[in-house]
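Read from first to last, the chains carry the letters A, B, C and D; within each, the first residue is number 1.
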Amino acid sequence: MGVTVGVDIGGTKIAVAVVDEVGTIIAQDRVKTPATDATQIGEAVAQSVNALKKDHDVEAVGVGAAGFVDAGRRTVLFAPNIKWVDEPLADRIEALVDLPVVIENDANAAAWGEFRFGAGADVDDMLLVTVGTGIGGGIIQGGRLDRGAYGVAGEIGHLRMVPAGIRCGCGQYGCWEQYASGRALVRETRDRIDAHIEQAQPLAALVDGDVSQITGQMVTEQAQKGDPLAIELIADVGRWLGEGIATLAAVIDPSVVAIGGGVAKAGDLLMAPAKAAFLRSLSAPVYRPQAMLREASLGNDAGVIGAADLARTR
Amino acid sequence: MGVTVGVDIGGTKIAVAVVDEVGTIIAQDRVKTPATDATQIGEAVAQSVNALKKDHDVEAVGVGAAGFVDAGRRTVLFAPNIKWVDEPLADRIEALVDLPVVIENDANAAAWGEFRFGAGADVDDMLLVTVGTGIGGGIIQGGRLDRGAYGVAGEIGHLRMVPAGIRCGCGQYGCWEQYASGRALVRETRDRIDAHIEQAQPLAALVDGDVSQITGQMVTEQAQKGDPLAIELIADVGRWLGEGIATLAAVIDPSVVAIGGGVAKAGDLLMAPAKAAFLRSLSAPVYRPQAMLREASLGNDAGVIGAADLARTR
Amino acid sequence: MGVTVGVDIGGTKIAVAVVDEVGTIIAQDRVKTPATDATQIGEAVAQSVNALKKDHDVEAVGVGAAGFVDAGRRTVLFAPNIKWVDEPLADRIEALVDLPVVIENDANAAAWGEFRFGAGADVDDMLLVTVGTGIGGGIIQGGRLDRGAYGVAGEIGHLRMVPAGIRCGCGQYGCWEQYASGRALVRETRDRIDAHIEQAQPLAALVDGDVSQITGQMVTEQAQKGDPLAIELIADVGRWLGEGIATLAAVIDPSVVAIGGGVAKAGDLLMAPAKAAFLRSLSAPVYRPQAMLREASLGNDAGVIGAADLARTR
Amino acid sequence: MGVTVGVDIGGTKIAVAVVDEVGTIIAQDRVKTPATDATQIGEAVAQSVNALKKDHDVEAVGVGAAGFVDAGRRTVLFAPNIKWVDEPLADRIEALVDLPVVIENDANAAAWGEFRFGAGADVDDMLLVTVGTGIGGGIIQGGRLDRGAYGVAGEIGHLRMVPAGIRCGCGQYGCWEQYASGRALVRETRDRIDAHIEQAQPLAALVDGDVSQITGQMVTEQAQKGDPLAIELIADVGRWLGEGIATLAAVIDPSVVAIGGGVAKAGDLLMAPAKAAFLRSLSAPVYRPQAMLREASLGNDAGVIGAADLARTR
């Protein structure tokens, strides 16, 4: 069997990779995302694929994109950032690259990558939780990707954690990603600085008191240096993370929960409180086999690797 | 193809039915559940199956039982009421009936029955929510039953709805079934009577003030007569029901949500507020295709019909 | 005893009234609030007082202003809208009117007015809850105004109703005024319209779908015409209102809770669900004497009447 | 001025003390509470008072009792434990001791003691929070005890902290004392042990796994030895404590919050997280003068000292 190409269309860049059947990237390209124009994005993808095709025996192309994808894996029904509505992305790219193309939700593609070749390679049932600015995710059940009736399963960031809770961009209140995400970490850090908490002085000093400059990475680095408040702030995110995973475990019963995304780079500062909260929040914990929480292992490549593999007819 | 037998082992009775390939019950039996002894339960099931076998060309037996079932569908890992631990139920029954036997979680069996021949027969992705004393459920994705890594997926009643909420028998706080169930309906009704709310007089009168006698059915009947408090109490349950379904829809994206169980007999008194709350609580509602909420259609037979069909190798 | 003058400095206008010893307004004036300049505001107040002084035997002046007032009732420590910090308002006005002047928080002044001559005139212990854009309030205990150690008691709108709840302008989350206020009513109405709930069509039609134009008054008028969603939206505000009052009642044990402010104009549409929720949410309701919930009776005049009376040495 | 006697009627013992005008105990007695019979309790109090009267020039007697006390300070309207209803306790004791007697709610008496001679002696506005099995409290405003319209102000333990939260003995859900009390500490400890959390092994070992034997004192002692889980459990109670105090501060604006009761013996293990949570949870923290959180200083004597002082006509 030949190789396939995986594409991950992000808000700022498009990653393209030639991936073999065991998930190894053997060549790759990266281009800037051309504004939000659908035609230009299709052309940029095609150009990159065509270049890689010259040196590799590419059989098919898998494309991961943010948004809702139709069940036939050909059309982007709606994309929040790129303003696509019913965009026939597979048709558009196929016409330019002369290869079969399938479209997949980007979080699902990443989940599939981790499942096939990463943190879930040894199991049949896995949940990927990507903790970045928000929370993304994907669900694998019995070796299959759960896409849902309309291709939008796995929107786990919008699990309601708090009735009448913090307003979310999705129109609801109390969504999980308002509590267990980089956005939450930054918001809580700013609040502590704004409240003139003494413990917040070191974090405030990093940005000369300009809370708009605080980033999640700053908090992580500060925590790694031993700053007690930074450690507590990341632990709070971890606690919410573990509580949400416990509630999802009752619904989908995975054997592995892989945790990826930028915030996961905090490592044990996040994972230890997440695991403690997970165990503490499990329903009927004594009788129920427990999922293992693991860090995801493919990093940013999970999307292209998963998309490439999904192009192999799955 | 011949017929199969479906068995539903409940706390007080065992239902057994011969079911054909289109889900029609062509013969049935019902016996009292013999205490909590595993051997006797196996024998009672076998006796009933053997009797039905005489008149029908039975190919296989599917057994639905409360509790956690192993991935191979042969062993009950743990059953909360019957005190089974690692009970080899399939082996035990096979030895007595000389037919292939598969075991399934009872809520999953009911979900499968509704999916194949009931409220979800026209779709590929369905969620069954059974609102009885507690909440049970089952998930169908892409035409397959989601059993989870350990056979315990679909424990949707233990979705956490309220952080630090009402204590649940599962050891956690704030589980969905503490808010959207018959138990919740009875509890809230009792609270109103205990609080000497004037509106609660008619309900109190039904039991001569003895709140221990209140049942969910009483409240439903009172609501059907137009009692404003009873209507409000059922609507509250409906509201919690709809809010929980909306959060699950973000995770599993079904096209149909079937609502069954004893409380669902309240009909529109429950369904109308449930639907309103569901629509109000959807994440990104404008862009997301919405699941249809329907009443389940097989009633108490869903379990035996589903179990019988699952015995056909699925 | 002669008359006193009461002043209510609002964001857009300054109300000034000559009030006799039984709370009757015998003359009044109203001027535009001159921007946010402290000097000009003091001068505007003085000019109006001096004009009224010509025809009336004025003994003292009481001034109600938004913000934190010092215990000596002379200085505005901080005002959120007018940007006053340590503003010596009493000194400034006394120098211009040649009368003794006392300053009071405006919500406290209104509470005092209702207590002395309005909804609480027959009791010694009263809570005023003003439901306008936000929630304001004042507490009377044993015939005395509870001003707190720093003049900022009675900030009841910032009672936390929901942990991790909706963000409040005060920097916290889940404050009562995010749930039981005109702002909440407008927000929830907009959400329903944005969610394309069918029931929201009549409300949407009022503003041609431009949700930025929705006002609380519109929702009230629509409810008074029988619109089911508008009725429900006001009832939701009423429910939160009653629940918050019940929690306050456990702390301060009033005999009367007077409910005023613009949203209270919805009358029974608000009061009936508020009372029901209040009764349902009381701690130990059977043994505890219950406060009476009443509509406030002085309307917008409560502030000037209370401020005038507080100028009589209390 | 002569001395007065303070009495504190507890569930198991009655404390009686002769107290001088600066709050010093100059003689005391302690007797077992005679069952729940009102007559016998009155006689036991009188006997003890009469004995002390022989050696001291006693002017009056103040009696603190659990329950609701009438505004005239003579009758216990309702006592939860002793089953008093409309008990004329002052009359009963006066007839036996020939001295003026006043009755006061016991938590109010303790608050008054701390206010006059303990943690609040230097301020005019104080809140006492007693963290024992539950939460009790008392409020002093402007140098006066806030008794409420029906003598039941200060029931701060029943502030609702979590909508639909943990069931409370008072009939409501989510009361503060379900989260920030000795009862909560014990419950959470038991939950950790029941959940077989590894960190809970040392605590479980203390009681040979019999969770019914866990006490708050055990957890405190274990925390003082450095047990990480015990420290975390007390910190959780502290966090809820601080959050509740912040919400009360918005309503009553004290300058000192004194924290007493058995759980407060954990010292900084409780106070440090309580203070951090308090500061983090204040409304408009930058502009609002902040209350000081202090440990109460009179211990178990606060009740008798306060009751004795209240007998001096206040």
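One rule holds for everything that comes next: contacts are C-beta pairs under 8 Å (C-beta built on N, C-alpha and C of every residue); 3 or more make two chains touch, one makes a residue touch a chain.
Please read these numbers as outputs of a predicted model, since none were measured by experiment.
J.: Which chain has its C-alpha centroid farthest away from the centroid of chain A?
T.: D
J.: Please work out which of B-C and C-D is bridged by more C-beta pairs in contact, and write that pair.
T.: Most C-beta pairs in contact, of the two: C-D.
J.: At what distance in angstrom does the C-alpha mean of chain C lie from that of chain A?
T.: Centres of chain A and chain C (C-alpha means) sit 47 Å apart.
J.: Could you give the separation in Å between the centres of chain C and chain D, each centre being the mean of its C-alpha atoms?
T.: From the centre of chain C to the centre of chain D is 33 Å.
J.: Determine the centre-to-centre distance between chain B and chain C, using the mean Cα coordinates as centres, and give it in whole Å.
T.: 50
J.: Where in chain A do residues touch at least two different other chains?
T.: Residues 162-164, 171, 191, 194-195, 282, 285.
J.: Inside the complex, what are the residues of chain B that reach chain C?
T.: For this pair, the touching residues of chain B are 163-164, 191-192, 194-197, 199, 276, 279-280, 282, 285-286.
J.: Using the touch definition from the top, list the residues of chain A that touch chain C in their complex.
T.: 162-167, 171, 173-174, 179, 191, 194-195
J.: Write out the stretch or stretches of chain C touching chain D in their complex.
T.: Counting only chain C, the residues touching chain D are 68, 77-78, 80, 123-125, 139, 141-142, 144, 146-156, 158-163, 168, 170-172, 175, 243, 246-248, 250-255, 281-285, 287-289, 291.
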